[in-house]
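The first chain written gets the first letter, and so on, giving A, B, C and D; residue counts start at 1 in each chain.
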Amino acid sequence: MPKLNAAELEGVIVEGFPDLRDDAWRIEEVQDNFVRLRMPFHRSNLRPGGTISGPALMELADVAMYAAVLAMIGPVMLAVTTSLNINFMRKAEQVDVIAECRLLKLGNRLAVGEVAMRADGDEGMVAHATLTYSIPPKDQRPA
Amino acid sequence: MPKLNAAELEGVIVEGFPDLRDDAWRIEEVQDNFVRLRMPFHRSNLRPGGTISGPALMELADVAMYAAVLAMIGPVMLAVTTSLNINFMRKAEQVDVIAECRLLKLGNRLAVGEVAMRADGDEGMVAHATLTYSIPPKDQRPA
Amino acid sequence: MPKLNAAELEGVIVEGFPDLRDDAWRIEEVQDNFVRLRMPFHRSNLRPGGTISGPALMELADVAMYAAVLAMIGPVMLAVTTSLNINFMRKAEQVDVIAECRLLKLGNRLAVGEVAMRADGDEGMVAHATLTYSIPPKDQRPA
Amino acid sequence: MPKLNAAELEGVIVEGFPDLRDDAWRIEEVQDNFVRLRMPFHRSNLRPGGTISGPALMELADVAMYAAVLAMIGPVMLAVTTSLNINFMRKAEQVDVIAECRLLKLGNRLAVGEVAMRADGDEGMVAHATLTYSIPPKDQRPA
């Protein structure tokens, strides 16, 4: 069962990514090994041509994975990304982007998850990422 | 031979990533299929714990690849990232990060490159990325 | 709608991977943008320690993607893998491995898919892969 | 300094990949954090169209990384691949393929390496892979 709810997760993310705008992401749903985030549209996420930029989507994937891991293990600041693989598939224009992260493995030291990103209201994926996170062993996590 | 020099590339990057701080990156060297960038240290790139954040390094890798591709094919705004794979290997503290991008393939429609990122003055890699870019066919590029 | 059924796909795979044992894979289900394969257990797929080897799983992912793409576009021999990313998560012992491939994008020139691999009867993933395939433009495919 | 020389490594690989043909790979050079392997041409590595198959190159990358890790830490059977990312860039026809693996990180529990694969005599890369390996902590390795 998740140890943190949506509001608690938003607080943890603000601590973990302190340079963000306050409204950069919203947690919409938290389930076992799953979170859904919304990245509200903001002009600073556009690249020339008016589509959501690659780095904005990479960061969204990283935040979604961070949220999914911390939801399950608690607010452990030592959880760090060890790898990210992302494929960009469709352009997203001036819309919110929805990211759904599923944990595929939550081991003793390593978590693996995938993140599907879609333009709000669309079925087709804008981007898909797979990430690995290094996490502290169980005996070093919050109870 | 490169079609753009370091100063021209910096101008193109500012257009391509308009939301950046002016001093976000500097092009230090341009060679055939190679560029070296410096990301000067800035507090906004830190994560809690005081190390350079993952998203800052992902964006650095993306910019380095963009610069390496545009150096070779000219200022083609239609070049877009299709995939990125990154491994994070060592923590970088409050230092400049140097990114060296080598193009492994510059085909008719696809470019593949790798980016090695090191803390300024260190040998060990902080992160290593491999990227693919979709590029316009030759007959649609600037002469 | 798929253009090939399970039996037709098995025939195409035998042509595409001619060095395989006859019983190397079986197609169990074909749906829109989806195939499920079974890799029956065979001693030649073991690594020391008695678990299914990494290369056997990589090849399984590649075959699953090949099958999913050809199911949708028809028996086009020119479809080739352009990239594969795989994470190994759990050991699989002496059992059949089930691979489910979902196409995330089937574009004019590029297909992207993901493959979940599980030991037969288990929920946890043994490995997860993301692949990209270069495919011939529509006007060069079989009708 | 490497703990195993080329002949010792070949012996270890034969144990680690027991299903291989005897002449499947040859170690050509071993240096600190570096090995070069040759995969002699063999018809069983071809795909339709007469080019070296993707799975043959993936396995070559995996073996090269395995050799590079074991050269440095000794014959530790518990070293296992945790992830592989590969990009296919050029077709290789009926030639030997040369793989050069460089370790980018050799940590206490994780190794990261990259593998460049070229057709014998050619400069252009056929494929490029990045791999991560889980390795036993130092106090559990051979002296």
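A few comments on the model shown:
The rule we apply is simple: a residue touches a chain if its C-beta (ideal position, glycine included) is under 8 Å from a C-beta of that chain, and two chains touch if they have at least 3 such contacts.
These numbers were taken from a predicted model, which means no experiment stands behind them.
Comparing mean CA positions across the assembly, the chain most remote from chain D is A. Note on chain A versus chain D: their Cα superposition corresponds to a rotation of 180 degrees, in steps of 5. Counting C-beta pairs in contact, the pair that comes out ahead of the other among B-C and C-D is C-D.
The geometric centre of chain B is 34 Å away from that of chain C, both derived from CA atoms. Taking the mean of the C-alpha atoms as each chain's centre, chain C and chain D sit 23 Å apart.
Listed for chain A are residues 82-83, 85, 87, 132, each touching two or more other chains. On chain B, the positions that touch chain C within their shared complex are 82-83, 85, 109-110, 132.
Taken in their complex, chain B has these residues touching chain A: 15-19, 44-45, 47-49, 53-55, 58-59, 62, 77, 80-88.
Across the interface of their complex, chain C is touched by residues 85, 87, 89-90, 104-105, 107, 112, 114, 124-125, 128, 130, 132 of chain A.
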